[in-house]
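Here come two complexes built around subunit A, the first alongside subunit B, the second alongside subunit C.
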Partner chain A sequence: MWRRALLLFAPPACVLLVAILHQQPPPTPVEYHLGKIDRNGEAMGAWSGPWACVCDARTGLLWEVKTDDEGIHHGDWSYSWYREDFGVPNNGDCYFEEERCDTRDLIRRSNRERLCGTDNWRLPASAELQTLLYPQAKEGAPLIDTDYFPKTRRGDYWTRDGEKPLQGVYRHLKHGAVAIDFIAGEQVTIPYRNAAFVRLVADASKACHQLRK
Partner chain B sequence: MVTFWDSAVTKYSKSNLWILFHTAAVLALLVNLSSGLRIATLRRPAIAQIAELLPDGRVHQLHFLGACALTAIACAYLLFRLYTLIRGGFRSLDWKNFDYHRCVIWGGCAVLAVSLASGWLLLSDTAALGSPRELHFAAALGMLLYLFFHGGSYLLQYGRRALLLILRPTRQPGGRLLASAAVATGVVLGGWHFIAGSAQHSLPVLRVSVSTPIHIDGAADETEWTSAQPLTLSTEGGANFANGNTPVTLRALHNTREIYFLISWRDPTESLTHLPLRKTENGWQVQQDGFHRFDETRYYEDKFAVLLSDACDFGAAGTAHLGRKPLDNKPANWHGHGYHYSDSDRIHDLWHWKAVRTNDMYLADDNFIGPPDIRRPGRRRYTAGYRKDGKESGSYVMNWQWYRPDTVIPKRLPRLAEQLARYESAGGDSDWVIPWFDFAPYAAENDDFPEGTLMPSVIYSSNRFEGDRADVRARARWRDGRWTLELARPLDTGSAKDVAIHTGTCLWVSAFDRAQVAHTRHNRPIRLELE
Partner chain C sequence: MRQFLGGMLFASACLVAADISAATKHHRLSWDGDGSNSAVIGFSPDGSSNNPTVKYGYSTDEGSWSSAQVDNTETFDGSITSHFVRLSNLNADSEIYFRVCDQDGCGQRFWFRTAPADSDPYVVVAGGDTRTGHTNRRQGNRLLAKVRPLAVMHGGDFTNANSAWEMDAFLDDWTLTYSSDQIDGYDYKRIYPLIPTHGNHEDGNYSTLCQVFGVDFNDDGNCNPHDTYGAVQVSPLLRIYTLNSQFKDSGWSSYAQAMNNWLQSDLSASGSAADWRLAQYHKPMFPHYTGKSENETLFGWWAQSFYDYAVNLVVESDTHMTKLTQSLIPDGNDFAATTSGGTVYTGEGSWGAPARSANDPKSWTIDLASIQQFKVIQVRPDQLVVRTAQFDSSAATLSRAERDADPLLLPAGVNWWSANQVGEAVTITRNSANRSVIDGGSGNGDPDIALAATDDVFVSSSQSATNLDSHSDGLLADGSDSTFGEMMTLIRFDLSELAGCSINGASLELNITNVSGDNYGIYRAAGNWREGSATWDSVGGSGILGGLATSFTPSSTGIAAIHLQSPGLLDDWLDGANTGLVIASRGGSNGVDMTSKETGLSPVIRVDADCDGSGGGQQLSRVSSDDVFVSSYRSGDNFDGHSDGLLADGWDFIYGELYTLVKFDLSDLACSSYSNATLELDITNRSDKSYGIYLANSDWQEESATWNSISGADMLGPRAATFVPSSTGTRQIDLQSSGLIDSWLAGGNTGLVIAPESGSDGVDISSRETGQGPLLKLESHCN
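Entry: the complex of A and B
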């Protein structure tokens, strides 16, 4: 009888006890090719923040992250395409320059503040910027992983590829630069004077190098 | 080898029919107990401790199917008893053998009767009789005890022989037995099909002329509303409501283009203090109690949700999947309760009115429940099928750069300290919202607010949602312990993320009393009948 009682009641009691004692751990992040970097260039956990840059382990590129703090990285600011020698200066909208803004202004300011510990910020090549396109984006969101790249606008983002012939209504302006639109993910050539958005990139950054290791 | 028991069994054995029904009853009871306890984990932390032992996923369907089987068996048993009683007179009751086991069985039958009666009452969503939930839960615990005192004691007394007695047929199952098994299964499945298909509340949608203006202002002063037939049902299981329960009354109108709902529910407190920030010694802190697990139940705004679907299955059109990780290959949820998603490609429409974040915009969030989303590594919370419709521009943002349970850095601070004067204490009916341009970007040198300062955390960055997310107009007012909400939407928006409304569309409602996810629910869908 005692043996039977033991056989009958001990296993369920043990299972119950184990179930009560064993509580599931909270969820944890999984491996991913994107990594958050803080403004000093230190790597951060996937669920930490705020962060200032993102390193893409697939390409080794460090990307600028947009904000809504009305500072120089504010996501709503737009820029005309301008390089030392050509393009159109000061034809975009931002608050941080005396005059209006162009791509060179953002590069100069980002390098000066050593954003994420690096001072070789530049415009991305179109092939580079295209690596950020994210077809699984949520409904109505721009085609990018907004969990890593918040404050991205559904619009055109400049690349460094200039001196491209313009077509159609812009033909008379002769040359423009390539932009990637983050609505459909397409590559477009638009006049330098257009106000488009910008996401800067840096290669050979210390932050990204450390993260990839 | 003929043992003592084998010979005893031949004298004392159970008929095949008995074995069949007893086994079916045991299985149905186990299904109901395990699925019922899983449902109980939603709001009973003690039961949540053993959650790993319970089934997950669409347990409501399982529970109600088990309920049909158990009810059919109980009825059959009752009929059989009555029959023998009538045929054999009271002698057939056999008082002489009224031992311990008989006592337990009679007790068990009584508890089962309570369980079945309270279960069906729960399923009816009637507001009039008060909630039988506690009774149903107590009866479930009673049935658990019964399993021990009945099954356990037989096993203790007779060991393996007891199992042989109740499981091993003594004769070859005959044709009659198979026929009765088939009939019984047919009755249960037929009954289930009937109940699942017809157990719906019906809400007539009164037709009004296109020229009749219905103002979405929460005042509900149009005379048309008094002509619309109301439907009141009990919704249960929500945090903060008294006994988790609030009755909801619905009325509906349409003018062949738009549909209008007037919905009112009891909520003694108007909660507008949404996750406020408090200045502490170490910096600003989000006031919360559960928000870190995505299950805030204290510092949250009131909300209301309407689910619309072409499917009318139990468990919110079959989208309610309970458990920490109902999908093996998808992330778990933090609170362990479960999440909503669609098992097929079907889209279910979800309107989500929020007392702070959408009421001032005269809108409800237009969301949907679809198939489970992909894993998004940058997100701490995985919401499975519950997703937002396309949103073209910002609406509200929270006033922190990044949420952390200890301290946060606000996004923006008031330009003048006086702007915070009206938020001296949590609660009250102040608007806990700040317009973007009334505040300035955060700068540490401006952050000299005294300890204890309270600051709202919802910032409107633009006045309205645009695009798909702005299809549902909504406005509510709170007065004398009740919210009154008016809603309007085109019958057919043409969007693939919305459900077009017609006769036969099923609807569910849920009220949230300062709770992020712990909403009330009802069991039977509401079927719209357009005039």
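Entry: the complex of A and C
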């Protein structure tokens, strides 16, 4: 009796035991290089919100996230390019300044509020901003990962790269700055007086450092 | 006694309060038919307003007024009730006074003006996109009140969500467009007729225009989407077409077909009823922002009709920036610029809505910029003059009397946008087919030749023997002045650069610093003269006035571009009789002031000339694009625009060693071989020391160059010339003999450095900011 039972149950039990012993470990989710940071500089889960900044683990850069609240970081605000008495002040449109707006205004305000726990916000270099280009974006959407960077507009975003010669109809203005066009992903040189969008960047941020660890 | 006075004041206050008491608000006025004899008055209840009526008349005597009943009431977004009273059979060119009255009495006193029935000139304003940006929107509205136009064209996107709440805020802000007047002891508000356009932010309700502004373009008594297009005959000078670009969207094809059939029919039947035809619609055919798609459908619908029926100026909106095009002709699926007559397009709607990057210029774009603005258009029988007013508080306010005295007058201090190559004012004339030609526009994108005055001076009948060259008042002209009596301004240009060229046209640019409502003639000078010796007596007083080239009214400050209509004027000058021009009053004693070459911007003649193919060398000249000096003692400082101009010295007590840097924009030169190159400097402080002119070793910019940034003497490249600036005045220095110039011009043109050879006796030179800037004259031989 017990022999018959052994013959009946032993093989499946062995198979089961072997299967258990050889089970593949659960797949480890691939870490996405972008991570959400709240306005105080604390890292957040991928499905959490609201978030105010995004850390890019590949570059170590902390990026401003645009909003739809008509606050300082509203995505529709545009800015002329102005840096330390150089460029054209107050030729863009935001609603948080008495005068019209320029890039220096956004930097000053962001540093003053210590957005995401840091006060070293600045305009990105062209190469830095180009790291956000996202060729997989849906057709008609701006070329950026809008899951992490919502309220991004189809248009030009300023870089810090100024004193570039202007061409064509702009030539009489002599010099402008480089912007990255998030429609086609191209680098364009436009006059300082243009009202373009801005996404600020900070490096050596504590928030990004923590996330990368 | 004090109590009695107090009681009187209280009673007066009560009477005033009782005097303005109707329960209505948000008064608005619109035109949808004939601006010379009709208008629609709109208003909304402010609480409970029963059976409101409009009382109106041609004077402030309310006893003589008529009464008009509400003939249409509409409700917008379920909650904004608007009553509309259509006034018809009004007298042309008349002031209409009115009040809205109801059970509480009569409200605020308003007045407006009907359009003239003849060819009298006037000003209209055109803009769009008031949907957001309330601060800018309000600034624009206040500016409108200062300008006092006859009418306003609005290109759509009144609000963002087209909700009752937002429209209420728009109408609140629109009250800022009223101008305040005291008339016969009463407080009146001047109200301006609006011609509204449907924008994409009105797409939720295609009856917005008739529900909010009461327009009934097709005069059928119904409020529906057909009231989003139509024509307003302002006067014999102007017919304005309003179109609905949103009919391009799917679902509206039958409306689109009806609109386009109507447009074709109206242009054919009534387009010629006015000297000028303007059009407005919301979406540009070719937006000047890469974030917006091109609207080929609109181009296909309208561009050819606009050209065929000589629509002169089109005002587009939507993109939130300013743009100005050449005169355009349809060319396949695009436009091409033309100098022989076409349609000028402008826009693109930034009356509050956030400015966008003006980043998509076309081959036919004159200029574009991200600014908050509307257009201010002077409509004259022979010209449209288009300016772009930027929104700020700098403008003065025109009074009612000033507007009455001059229908074209513009307020002083407006922050006009200056378009490249054109300046602040774009003057449009008509060709024989009534199509638009931009004065001074080259069409092919080639810049005109601009020549600064070589001689300019004014003469005075009261100081008839006195030479007034370099007078601190600049250049003056007047029919009668208590100090100077009658005054005339004399201007002359060196035209040698135009030798061998074919002259197509020319305009004179004057920098007006003190406006006048008087008319001034620009005459050929009948005799020869020199600025250093000309007096009223020496030129023979009014005997200097030759043939009249044209006339103008200097009604606004800034650069006035005046087309010189006298045929053959420059050809005659080139043939040897170049005696210059005289500006003289044609009546009146309201003088005009202009800057001279010594006090600011020099008078300039801008010549449209074809100079290619000349047998000999082609002569060119370029004013410096960058000029600045650098100092070894203040090695980190930038001196761009310094009041001392340009300095060079071996040693100076304050500045140490000084170099002057000069650069010219030669990027449009197609030639590679030059037979002559001369640097012309205006020496203002002489020196007996020798100075070298060196090719700069590396690039620099005037706004950032310092002694440190150019690394001092490391900037000195090969020496092209030396000179001793031993006298003040214009000094010409040959650069060609060095043999260095061809390679310099063909290669990296990093400019010139003027540096001391020895000694410490400095030289001062005019910069382009302080006077006659350095000039590079070239003679080229091109294949």
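Here, the second predicted complex is superposed on the first by the 183 of 213 C-alpha atoms of A that agree within 3 Å, B and C clash if a C-alpha of one lies under 4 Å from a C-alpha of the other, contacts with A are read in each partner's own complex, and residues count from 1 in each chain.
Here is the rule we go by: a residue touches a chain if its C-beta (ideal position, glycine included) is under 8 Å from a C-beta of that chain, and two chains touch if they have at least 3 such contacts.
Nothing here was measured: the structure is a model prediction, and the numbers come from that model.
Novice: After lining up the shared chain so the two structures overlap, which partner does A:R100 touch, if you call subunit B first and subunit C second: first, second, both or neither?
Specialist: A:R100 sits against subunit C, while subunit B stays out of touch.
Novice: Looking at A:D68 after the superposition, I want to know if it touches subunit B, subunit C, both of them or none. Which is it: first, second, both, neither?
Specialist: The answer is first: A:D68 touches subunit B but not subunit C.
Novice: Which of the two partners, first being subunit B and second being subunit C, lies in contact with A:P50: first, second, both, or neither?
Specialist: First partner only.
Novice: If we overlay the two complexes on their shared chain A, which of subunit B and subunit C does A:E163 touch? Say first, second, both or neither.
Specialist: The second partner, subunit C, only.
Novice: According to the stated criteria, A:G92 is in contact with first (subunit B), second (subunit C), both, or neither; which is it?
Specialist: Second partner only, subunit C.
Novice: Considering only the touch criterion stated at the top, classify A:Q136 as touching first (subunit B), second (subunit C), both, or neither.
Specialist: First partner only.
Novice: First (subunit B), second (subunit C), both or neither: which does A:Y32 touch?
Specialist: First partner only, subunit B.
Novice: Can you list the residues of subunit A that touch subunit B in one structure and subunit C in the other?
Specialist: Looking at subunit A, the two contact sets intersect at 154.
Novice: Sort out for me which residues of subunit B touch subunit A in the complex.
Specialist: It is residues 49-53, 152, 155-156, 159, 324, 331-334, 336, 373-380, 382, 387-392, 397, 401-402, 409, 411, 441-442, 461, 467-469, 497 of subunit B that touch subunit A.
Novice: Quick one: in the complex, what on subunit C touches subunit A?
Specialist: Residue positions touching the partner: 132-133, 135-136, 289-291, 320-321, 353-359, 361, 365-372, 420-421, 625-626, 665, 667, 701, 703-704.
Novice: Would you mind writing out the residues of subunit A in touch with subunit B in their complex?
Specialist: Spelled out, the residues of subunit A in touch with subunit B are 1, 4-5, 8-9, 15-16, 19-20, 22-24, 26-27, 29-32, 34, 46-50, 68-71, 136, 138-141, 145, 147-148, 154.
Novice: Help me check something: in the complex, which residues belonging to subunit A touch subunit C?
Specialist: Against subunit C, the touching part of subunit A is residues 76-78, 80, 86, 91-95, 100, 153-156, 163, 168-172, 174-175, 179, 181, 183-184, 188, 190-191, 193-197.
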